[in-house]
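The structures come next, written out as C-alpha cells.
Each of the next two complexes has chain A plus one more chain, namely chain B in the first and chain C in the second.
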Partner chain A sequence: MIQQILNGLIIGSMYALVAIGFTLVLGVLDRLNFAHTEIFMLGGFVGLVVIQAGGPLWLTLPVAFGVCGGMGLVVELVCFRRIEGDARITAALSSVAAGLIIDDLLQKVYGTDPPSLPLPGYITDAGVRFLDTHLTYLDLLIVGVTLALMLALQLFVARSRTGRAIRAVADSHVAASLLGINVRRVTQQVFFLSAALAGVAGVLYALRTDIANLQAGLTFGLKALAVMAIGGMGDVRGAVIGGLAVGVLEGLAFYWGLGGYSDLVVWIAMILVLLVRPAGLFGGGVHVRELRA
Partner chain B sequence: MLRPMALAAFIAACLPISAALAQEKPPIKFGNIAIMSGPAASSGNMEKSVLDVAVEDINAAGGINGSKVIEQTEDAQLDPGQAVLMYRKLAAENAVGVIGPVTGTQWQTVAPIAQQVKVPAATVNAVASGITVRPWTIRLEPPDDVIIPQAVELFLKKFPAVKKVAIFADSGESSTLNAANLFKSLAKKNNLEVVGETVGFTGKTMDLSPAAIEIKRLDPDALWGSALPPQQLLLAKALAAQGFDKPKLANNIFWPGNFVSTVGEAGKGWYIPGFSTNDKVFGDNARYQGVSKRIIERVSKIPGTGTNISQATIAYDTAMVYADILRKAGVDGNTPIAQAREKLKDGFLALKEYSGLNIYKIMPDGDGDVKQVLLIVDVPSGQWKFAE
Partner chain C sequence: MIPDYVFFTCDNILLAWSVYAVLLSGNLSFAQAAFMSIGCYAAGILTTQYGFPFYASIPPAMALSAIIAILFGFPALRIRGIYLILVTVGITFIVRVALENMTITGGVHGLFGMSGADQWDAVGAVILVGALLYMVSRSPLQRLLDVVREDDQVAAGLGVNLTYVKLVSFAAGAAIAALAGALYGHYLTFVRPSNFDILVSIFCALYVILGGINNMWGPAFGAAFMTLLPEFIRALQGWRPTVFGVAIIVLLLVRPDGVLPFRTLSARWGRRG
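Here is the complex of A and B:
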C-alpha cells in the first residue's frame, strides 16, 4: 500500500502541474482554456524531439517550458484575444478547436502509434529505497521538478512585480488597467506560464511512461480539469492538494482490486466534493487571492 | 478473284480489334474496410498496402478469368456505425466481396448485416470468439477461443514450474475482458492458482504504474492477460520499471502494429501466440519472404505505419482466397454481380482448408484454425520472432 501511495503522489504531482495551469488562466482571467490539455501532450513530443536530436535529458525541461509557453501565447492570440467580454463559451470552443489542431498536426507528423523515448537505464531502473519502496531517479526527478516549479510559482506571484500585476488583474481587470497595469501583457504572461507548466508536466509524463502519447491530452490532461474543480477553481494550493489526492486515490483503487474503475475516481471525487463544497476544497471564489498569503 | 482476297484482308484487319475487345473484360472489385484515419490509422495503412500487393499478384497471374481486380478502400474510422455505412456503400458500388472491417466490435456489427445485404465479407483482424456469421462471412484468423488454449499449452510446456498466475485485463473492452476471462479459466483448468483479482484498467488509463505495482505485489510465477495495444505498451513499460521479470503471456491482439518496435527492452519476457513473423512462416518461406519484402518496401514509405507485417499477411491470403474461389467458379467481370457474390459465398461454405502464405483449416463456424507458436520480441530488430 505504501508503494501505491508514493506512486500516487508522483502521478498526482503531474496532475497538479497541469491543474495549476488551468487554474491560473481561470483564476486570473476567468477563462477556460481547453487547448491546455493538448499543450500538455505537446510537451511530451517536444521532449521526444530533444532526445532524438541527441540533447541531454535535462534540456527537455527548459525547451518544453519555452516551446509550450510559446504555444500558450499563440492560443491566447488566436482563441482569446479577439473574443472579449462575456463571450466565454465562444473562446472556450475556439480553444477546443486549437487543441484538436495541435493533436491532428502531431498525428500527421508522427503517425498514430506512440513513439518511444529512448532513455538511459540509470534513470529508469536505478534509484533509492524509501519506506521499503523502490523509487527510481526518474520518480525523484518528477517530484523534485514539480515541487521546485510550484515553489517558484508561489514566490513569483507573491513577491515579483509581475506577480503583483497578475494578482491585481485577478482582482479586477478594470481597476488594474486604471492603475496603469498593461492587462494584455499580464494576460499573455499568464497564458505563457500556464502552458509552460503544462509542457513541463507533459515531458515528465512522457519520460515516466517512455512514450510520447497522442492520447495523453484527452485523458490525463482532462483529469487535471477535474482536479482543478476539486481543489477550487482559481486556487493554486487547491490544485496541488487536489492533484496529489487524486493520484493517491487512483493508486489505492488498484490496491483494493478496483483498478478497472480507477479512471472514475477523479470524476466521482469531483462530484462528491462539489456537492459538499461547490467552490471546491479551497475555493473562495474564482480568483487567486490566496496567493497573497 | 479479288473478292476472296478482299474478304480475307477485311477479316485480318478485324482480328486485332476483336482481340482487344475480348481482352477488355470489366474489372472485378474487391472492397476493403479499414481504419484509415484516427488513432489506429497505421493499421489501415498496413492493410491497404498488403491488399495492393495482393491485387498486383492476382492481376499478374491474369486476374480472375481475364478480368483485372481493382480494390476500393473505405475508412471505418474505428467506428462500428461507420463500418456498416462503408459496407453498404461498397455493396451499392458493386464490390463482389468485402475484406474487413477490422476490430471485434466492427465485425460483430457488420457480420449479421452481411446476411441481409448478401455481400460476402471476411475480417482479417478481429479475434473475439463467436462473431463470424455464416454463410456470408468468413474469418481466416483464428479467434481467441482457438488461439488462447494453444498458447497456454505452449507456455506451460515452456515454463513447467509456473504454479501461480496473475491475470490482467483491459476491462473496458469486451474482447480483451473475454480473453482475460478465458486465460483465467484455463489457469484453473490446468490446476494453477490464480492470485488476487484480475488487475483491470481501461483504455483511458494513461499511467499503468499502479497496475504494475499491484501485479508485482501479487508475486505470481507468470502474468497472463489481454489489453489493447496502447495499454499493452504502457503496461509492459510500467512492469519493466517495477522490475517485474516473470514470464508474461498475452493474446495476439498486439501482434500487428508497432508494439514490437516501440517496446524495446520492456518487451523481454512477453510471449504471444502467432504463426508468422516478418520473415518466417510455416508454409513456403521463400515465397513468403518475397511478398513480405514488397509489403515492407511500401509501408516503410508511410510515416508512422511501421514495418511489422507479421500478422498483416492474413489480408493477403484473404484476397487470394477470394480470387481462387472466383476463378474456380468461372466468374469474371461480365458475371452479374449478384451471381458472382453467390459464387463467392458458396466458396466460403465449401472451403475446408487453404494454403497461402499461411496454412489454414476452416472450421464449421467459418473461423480459421492455424497452428500456433509462441512469439517473442527480438529487441535489436524490433520485430517478432519464433520463441525457441
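Here is the complex of A and C:
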C-alpha cells in the first residue's frame, strides 16, 4: 500500500508539473491552451531524440525545456495572438487544432507504435529501499526535478522582476500596459514557461514508462487538465496539491484492485469538485466572479 | 467505396448536428463520442442479444442516451464555458472506461455481429434529423434558444427556465449522436471502445466550428467537406488531422464565424427584410 501511495506521488508530481502549465496560462492570460497536452507529449519525443543521438540522460531535460518552450511560443503566435478579447472558446478551439497538427506530424515521423527509450539499468532498476518499498533512482530523479522546478517557479513568480510583471498582467492587462509593462512579452514568457515545464514533464513521463507515446497527450495530458480544474483555475498551489492527490487516489485504486477504473478517478473527482466548488478547491479571483456573474 | 463515402459523410453530418443541437443553447460539447458509443452499444446489444430488428433498436438506444445525458447534464449544465467543456471531456472518458469494464459490452475486445444498416439508412436519418432541425429553426423555439445562447441573464429575466432549455438541447444532441452511433455500429458490424476516442468528440466539434455555428447548414457542410476532401484529393490522404487543424486555425483567424455564417432564413427574418 505504501508502495502504491509512493507511486501515486511520483505520477502525481508529473500531473502537477503539467497542470501548473495549464494553470499559468489560464491564470495570467485567461486562455485555455489545449495544445499544452501535445507539447507535453512532444517532450517525450525530444527526450527520445537526445538519447538516440547518444546524449547523456541529464541533457534530455534542458533540451526538452528549450524545444518545448519554443513550441509554446509558436502556439502562442499561431493560435492566441490574433484572437483578442473575450473569445476564450475560440482560442481554446484553435489550440485544439494546433494540438491535432503536432500529433499528426509526429505520427508521420515515428509511426503509430510508440518507440522505446534505451535506458541504462542502473537508473531504472537499482534504487533505494525503505519500509518494504522500492524506489528507483529514476523515481527519485522525477520527484527531485519536479520539486526543484516548482520551487524555482514559485521563487521566479514571487521574487523576480519578470515575475512581478506576470502577476501584474494576471491582475489586469490594461493596468499593466499603462504601467509600461510589455504585455505581449509577458504573454510570451508565460507561454514559454508553461510549455517548457510540460516538456520536462514529458521527458520524465517517457523515462518512467520507457516509451515516447503519441497517446500520452490525450490521456495523461488531458488528465492533467482535469487536475488543474480540481486544484483551481489559475492557482499554482492548487495544481500541485491536486496533482499529488489524484496520483495517490489512482495508486490506491490499483491497490484495491480497481486498476481498470483508475482512469475514472480524476474525471469523477473533477466533476464533483466543479459541482461543489466551481472555481476549484483553491481557486479564487476573476474565475469565481465570472462563474457567479 | 461509394457506399462508404455516402455512409460516413451522412454519419458525420449527424454527429455535427448533434454538436449543433447542444450549441443551440450555447454550450460546446466534447461528449458526443460518449453518446455515440452509448447509442451504438445499446442498439447493438438489443439486436445481437435480444433479437430486436435494427430499426426497432434505434428508439430505445436514443432514449437511453438522452436519459444518460440528462443524468450527467442536470448537475453539470450549471457550469459554464470552458468549465463545461472540461466536464464534457470527462464524460467521454468516463463512458469509455465504463464500456471497457462491463461484460455485456464485450470490454476492450468489443461487440461483434451487428448488421443491417446500409448507406440509405444514413441518408434517411440525415433527412429526418435535418427536417426536424429545420422545423425547429422556423419555430418559436429557435427564438427561445437564441436568447438563451446570446444572453442567458436576459433569458432568465424573461422567465425562461434556463436549466430546462439547456437540458433539452443537451439531451437532443445526445439522442442524435446515439442515432449516428447505432448506424455506425450496424454498418461496421464490429466496434470497440477505442472507436469512440476523445478524438472523435474533438472532430465532431471542429466540423461545426469549420462550417459555422449560426445555422444548421454550416455543421453539415463542415462534416461533409472534411469527410470527403481527403478522399478526393489523393495527396491529402493520411494527412487528415493536419489538413483539418490548419483549416480550423486559418478559418478562426480570417473568418471566425465559420464558412457559412448566415442565419437560417425564418419567416420573421423575411418580413423584416
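Brief remarks follow.
To be clear about the criterion, the second predicted complex is superposed on the first by the 285 of 293 C-alpha atoms of A that agree within 3 Å, B and C clash if a C-alpha of one lies under 4 Å from a C-alpha of the other, contacts with A are read in each partner's own complex, and residues count from 1 in each chain.
Following the convention adopted for this analysis, a contact is a pair of C-beta atoms (placed from the backbone, for glycine too) under 8 Å apart; a residue touches a chain by one contact, two chains touch by 3 or more.
All of these numbers come straight from a predicted model, not from anything done at the bench.
After superposition on chain A, the partners chain B and chain C are seen to clash.
When the shared chain is aligned, chain B comes close enough to touch A:I11, but chain C does not.
When both complexes are overlaid on chain A, the residue A:G260 reaches chain B and chain C alike.
In the superposed pair of complexes, A:P114 makes contact with chain B only, with no contact to chain C. By the touch criterion stated above, A:A239 is placed in contact with neither chain B nor chain C. Contacts of A:Q3 after superposition on the shared chain: chain B is touched, whereas chain C is not. When the two complexes are superposed on chain A, the residues of chain A that touch both chain B and chain C are 260, 263.
If you check the complex, the residues on chain A that touch chain B are 3-4, 7-8, 10-11, 107, 109-116, 118, 124-125, 134, 136, 205, 208-211, 213-216, 219-220, 250-251, 253-255, 257, 259-260, 262-263.
Within the complex, the chain C residues that touch chain A are 28, 75-76, 78-83, 85-87, 89-91, 93-94, 97-98, 100-101, 153, 197-199, 202, 205-206, 209, 239-242, 244-249, 252-253, 256.
Of all residues in chain B, those touching chain A in their complex are 38-42, 169, 171-172, 196-197, 199-202, 204-207, 209-211, 213-214, 217, 229-230, 233-234, 237-238, 241-243, 257-258, 262-264, 266, 303-306.
Put simply, chain A touches chain C in their complex at residues 32, 78-79, 82-83, 87-90, 92-94, 96-101, 103-105, 108, 218, 222, 225-226, 229, 233, 260-261, 263-264, 267-268, 270-271, 274-275, 278, 290-291, 293.
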